[in-house]
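You will see two complexes here that share chain A, one where it goes with chain B and one where it goes with chain C.
Right after this comes the complex of A and B.
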C-alpha cells in the first residue's frame, strides 16, 4: 500500500519537475533498464519469505553473462540451448546452496556469501574481461517484442520480467509450494509439526532464486549484448532493498511478489529521475535508496507494533 | 467401549538417559483421558513418541488395532493422531483457513482452490461451534481462537485421537470452559482425547480416566471418579501419605520480618500472593509442576515484573521492576535452569563467581584481580567446590559443583533475600546434602531464603514457613509446626 503511494508520489513529483517525464517511452525504458533486477528480486522475495537470504544472486548473474558469451561466441552453441543451460546451472547452484543450508544447518547468509565468492570467481575464470556476444539470434530477439503502438515496443527482456512477476504472484499465492514458503518463514518448527515438507521447500526456494538470478543474467545479455564478470556487483543488495521496500519482512513469512515489483519500479524511478536531471550527483541514487529503505523498515516495525498492541 | 489407542511398553532413550522405561498407555474411543506427572515424568516424551516427533527405541503403538510406526508428524496424522501443543504450533502469518488445511489444500491441477479451503475451514470450525472470519490472519485472533483453529485442523484430517498438551495454560476461566464444552462434544462423537494439564480442578472437571507417570515409568491408570485428589497427588510425587510423615519443619526462630509481599501478582500468570519472609529464616514455595513456583520467583526478581501488589523490605516499599532494581533492594536469584540462565560455561570458576558483583558495580569499576582471587578461593574452600582450580572453565564441573559456584556468586553479593529456585535439581545426593547444609549456615548468618523445590521433603526439612501454591494462586501459608508433608499435600490436593 505505502509502496504504491510512494511510487505514485515519485511519478507525480518527477512529472511536475521535469518535462516529458510522464511519457510512455520513459516508463518503457525504466522497465527495460530494470528488467534484470526485477527478475532477480522476485527470486529474492521467495528466499526472504522463507526466512532466508541469498547474497550470491549478483555473482550468479555475472557468471551467466560470461557463460553465455563464452559458449555462444567461443564454442558456437546455439543461443537458446545456451540460455536454457545457463538457467539450469543457476537452478542447480541454488539447489546446492539450499541443500547445504538445510542439511548442515548453516546460516543462509554464510553459505550464500561463499556462493557469491565462488560464482564471481568462476565468472572471472570463464572470462577475465567483458566479452561481446555476436549472434543472429540475439540480433533477431532485439527486434522483436510486443508492439504497443506509436512505434513503441515492449522488448523481450521486460516481457520476461512481467511474466516472471505474474508467475511469481501465482506461485506465491496459489500453489502449495508458495504457501509452504510462507509457512516456513512464519515458523519453521510449527511448519514441521504440521507435517509440511520443510526441507524440500527450503532447498527449492534457493533453486528458484538461483534460476531467477541466471534468468536475470540472460536478460542482461539481451540488453547489452555482452558478458561481463564484474556485472551485478551489489545487485543482491538492490534486490533485497526492492523486496523490503515492497513490503516483504526480512524475518520471513510476510510479503508480496507484487510489492517487490513496485519496489523495483521505485528504485528504477529514482534512477530515472537522476538520469533526467543531469545536474544531480549519482551518489544521490544511493542516498535516496537508503533513506527509502530505512523509512520502510521503520514503517514495518510500526505496523508490527500496532498489531501486537 | 472399544480401545482406540494402545501404546505398549514404550521405551525412549536420549543418550545414556532413559526417558521412558516401558510405558503402557491405553485410550478408549469416546473418553477424555488425563495424563499426569511431575517434571521428568515422561509425559512430553510419550506425547512426542505418539505424534512421531521422537521415534521410540522399543514398544509398539496401535491405533484401532492397526500397528503404526510414526516416524514423522505427518505419518502420525495420517494414522489419525493429532496434537494441539501448549504453545499453539500454527502459523500466525497465514489465514485461519490456511492453518486448518495447510498441506491438504483441495487442488485444481497445481493450484489451490482457495474458496474450497475456506468452505472446509468454516465447516470444521462449525463443528466446534465457532464462527470467525476464516480469511483473517490467525495472529490477529486471541489464543483461545488459535487453539480452536488447531483443534479444527485435527477435525478436518479426521483425527480419532486428539492430544491436548496443556491447552488451558494461556486461557482464562471462561475460555477454558468453552474448550471443555468442545472436548465433551468431541468425546460424544467417539473421539479419544488425551488431556494434559497441571490444574487438578480441570482434570477432575473433564476427565474420565487418569494415567500417572513418574520418572519415565507408568504408576497406574484409574477411573477419575474413584481416585481421591490426595491419592493422585501422592502418586504423582511418589510419596505415601501416612500419619507419620509429618516431621514438622524447621522451628520458627521468631526472626524479625525482613520482607513482606502484599497482594503481588502478574495478571494472567501468577498471584496474588501475600506472605512475609523472616530474617534468618527460609520460606518455602511448594506446589505441583505448573503451580506457579518459578513464575513467583521471576516476578519477585523483576524478570517478569508484577502488575499489581507491593513488596516491602524492612517496612519500606521497594520497587522491583527489573533485576537491577531487585538486586539493589538486596535480592538475589539463583535460577532453576542453571545451564541456560545461570552459569557461563566457557568462563572460569572465578569469573562466574564474581559476575554478579561486577555487574552491580558497573563496567567501569572493575573488581580488582586480587580481590577476585581472594573471593574465589574463599568460596571454593567454604562451599567445598571440587574444581582443579579457580581458573578451570565452569562448564567442566559437575552439576552440584556448578550449583555451588552459582550460590557463591550470589553469596558474594551478601543479599538480604536469596531466592533459590530448585537448587538441588539434577545433582547427586551428597551435593544435595551439602547445599542444604549451606542454606542452614546462610540462615544462621541472618540471610533470608526463599526456597523453591519440587521435592516436598526438602521444603519441609529446610523451611520455617511454607507458601503453598495451587493453580498459580496462593492456597495457604503454613507456619513452623503446621509444616508437614501431609499438610502440604492436602493443601495441594484440596479443591
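Right after this comes the complex of A and C.
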C-alpha cells in the first residue's frame, strides 16, 4: 500500500518538476534500464522470504556478463547455449551456497559474502577488462520485442523481467514450494515439525536466487552488448532495498513478489529523476537508496510495534 | 586462559606454514636490514601493512562479532575518514586537527550504526549494509568523487615514519590493541561484551546494559575504521574516496574468524585477531609474490575463510568426534 503511494507520489512530483517526465518513453526506458535489477530482486525476495540473505548477486551477475562475452566471443559458442550455461552456473553456484549454509549451519551473510568475493574474483580471472560482445544473435534480439504502438518497442530484457515477475508471483503464492518458503521464513522449527522439507527448500531458494542473478547478467549483456567484471557493484543492496521497500519483511515469512516489482520501479524512478536533473551528484543515488531502505525498515518496525500493542 | 591458547594454535600453524612456503619460494623473504634509523624488509612490510588495515579493522570487528553482530560498513567509514582528514589538512588544519576530525566523524558513523542496532532494533547486517552504501556515497559526495592529494609532512609521517626503528602504524596499532585488551580483561567490560553476545536477554535481566554495550562496540569499530582510513590516506598522501577500504570488510571478518572468535558471538580473542590479520597480510603478500593479479586475490581468500568456517562448524566437528573436541577444549 505505502509502496504504491510512494511510487505515485514520486511520479507526480517528478512530472510537476520536470518537463516531459510523464511520457511512455521515459517509463519504457525505466523498465529497460532496471530490468536486470528487477530480475535479481525477485530472486532476492525468495531468499529474504525464507529468512536468509544473499550478498553474492551482484558478483554473480558480473561473472555472468564476462562469461558470456568470453565464451561467445573467444570460444565461439552459440549465444543461446552460452546463456543457458550461464544461468546453469548461477543456479549451481546458488545451490552450493545454500548447501553450505544449511548443512554446516554457517550464517548466510558470511557464506554469500565469501561467495561475492569468489564470484567477483572469478569474473576478473575470466577477463580483467570490459569485453564487447559481437554476435548476430544479440543484434537480432536487440531489434525484436513487443511493439506498443507509436514506434515504442518493449525489448527482450524488460519482457524477460515481466515474465520473471509473473512466474515469481505464481511460484510464491500458488505452489507448494512457495508455501514452504513462507513457512521456513516464518518459523523454521515449526516448519520442520510440520514435516516440511526445510533443508531442500533452503538450498533451492539460494539456487533460485543464483539463477535470477545470472539471468540478470544475461539481460545486462543484452542491454549493453558487453561483459564487465566490475558490473553490479552494490547491486545486492539495491535488490534488498527493492524487496524491503516492496513490503517484504527482513526477518522472513512475510512479503510479496509484486511489492518487489513496485520497489524496483521506485528505485528506478529515483534514478531517472537524478538523470533528468543532471545537476545532482551521482553519489546522491547511493545515499538516497540507503536512506530510502532505512526509512522503509523503520516504517515496518513501526507497523509491527503497533500490531503488538 | 587455556581456551584462548588453543584457539591461537591453528592460525599460528597456518602462519608458520605460509612463512615457510615463502622462505622457500622467494629467497630473501626474511631479510631485514637497518637503514636510516629504521628496519626494512618484507617481514616488516607485512607487519606494517597488516597493522594499517586488517589489524585495526579486526580490533573493532572482534568486539562487534563478540556481541553477535557484524559491521559491514568499515570499508566505507575508512573512505569517509580518509577523505575528511585529507580535506582538513588541505584547508589548513594541523595534523592533529585533521586526524581528530576524521576519527570523530568515523566514530559518529559507528555510533549511528549502534543506535540503529541497539535502540531501533535493526539487524546488524542490514544497518551496517545501509551504512556501507551510504557511507561510500558520503565519501564521494564530500570529495566530488575526486582523489584528494595533500602535502602534509606530519600526516604522511603517521603512515611512513618510524618510532624506535619500527613503523609508526605498527607501534600505534599494537599499543591500541594492548590497551584495549588490557582494559577489557582487567575490567568487567570484556565480560559484558561476551555476555551480550552469548545471551542478550539473560544479560539484560542480569543487569547488564546490553544496549549500551552494543552502542559502544559499534562506535569503537567506527573509530578503528576511521584510524585505518586516515593511515591509508597518509600512506600515499592522497585520499581516494572510491578505493580506500573497498572490500576490506571481508579482510576484517577473515582476520577475526581465523583468529578463533566465533561468528555466533559470546567469546573473543584479540590476540587471535592480531594473528589472523598477520595471516591475512602474509597470504596477500604471498599471492602478490606468486604473481596473482590483485583483482583475483579475493578468490583464494574467500576459499580460506570458508574453509576456516567449515572447521568451526558443529556438524563437521561432530563428524570428527573426540579428536576435534579435545582441540577445542
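FYI, the second predicted complex is superposed on the first by the 309 of 309 C-alpha atoms of A that agree within 3 Å, B and C clash if a C-alpha of one lies under 4 Å from a C-alpha of the other, contacts with A are read in each partner's own complex, and residues count from 1 in each chain.
In this text, a residue touches a chain if its C-beta (ideal position, glycine included) is under 8 Å from a C-beta of that chain, and two chains touch if they have at least 3 such contacts.
Small disclaimer: the values here were computed from a predicted structure and weren't measured.
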Task: Fit or clash between chain C and chain B when superposed on chain A - done: fit
- [ ] With the two complexes superposed on chain A, say which partner A:79 touches: chain B (first), chain C (second), both, or neither.
- [x] neither
Open item on the list: Going by the contact rule set out at the top, does A:26 touch chain B (first), chain C (second), both, or neither?
Closed with: neither
- [ ] Compare chain B and chain C by how many residues of chain A each one touches, and report the one with more.
- [x] C
Open item on the list: Output check: A:185 vs chain B and chain C. Expected answer is one of first, second, both, neither. What do you get?
Closed with: first
TODO: Answer with first, second, both or neither: which of chain B and chain C does A:117 touch in the superposed model?
DONE: second
- [ ] For A:47, decide between first (touching chain B), second (touching chain C), both and neither.
- [x] neither
Open item on the list: Just to be sure I read the superposition right, which of the two partners does A:100 touch: chain B = first, chain C = second, or both, or neither?
Closed with: second
TODO: Quick one: classify A:164 as touching chain B (first), chain C (second), both or neither.
DONE: neither
Open item on the list: Considering the aligned complexes, could you tell me the closest Cα pair distance between chain B and chain C in angstrom?
Closed with: 5
Open item on the list: Give the list of chain B residues in touch with chain A in this complex.
Closed with: 53, 72-74, 77, 83, 85, 89-94, 98, 102-103, 105, 107, 110-112, 114, 139-140, 153
Task: Footprint of chain B on chain A - complex, ascending - done: 170, 174-176, 179-180, 182-183, 185-187, 189-196, 253-254, 307
Task: chain C partner contacts - residues on chain A that touch it in the complex - done: 53, 100, 103-107, 109-111, 113-115, 117-118, 120-122, 124-125, 128, 229, 234, 236-237, 240, 250-251, 281-287, 289-291, 293-294, 297-298, 301
TODO: Report the residues of chain C in contact with chain A in the complex, numbered from low to high.
DONE: 70, 72, 116, 120-123, 125-126, 129-134, 136-138, 140-141, 144-145, 247, 249-250, 253, 257, 263, 293, 295-299, 301-303, 305-306, 309-310, 313-316
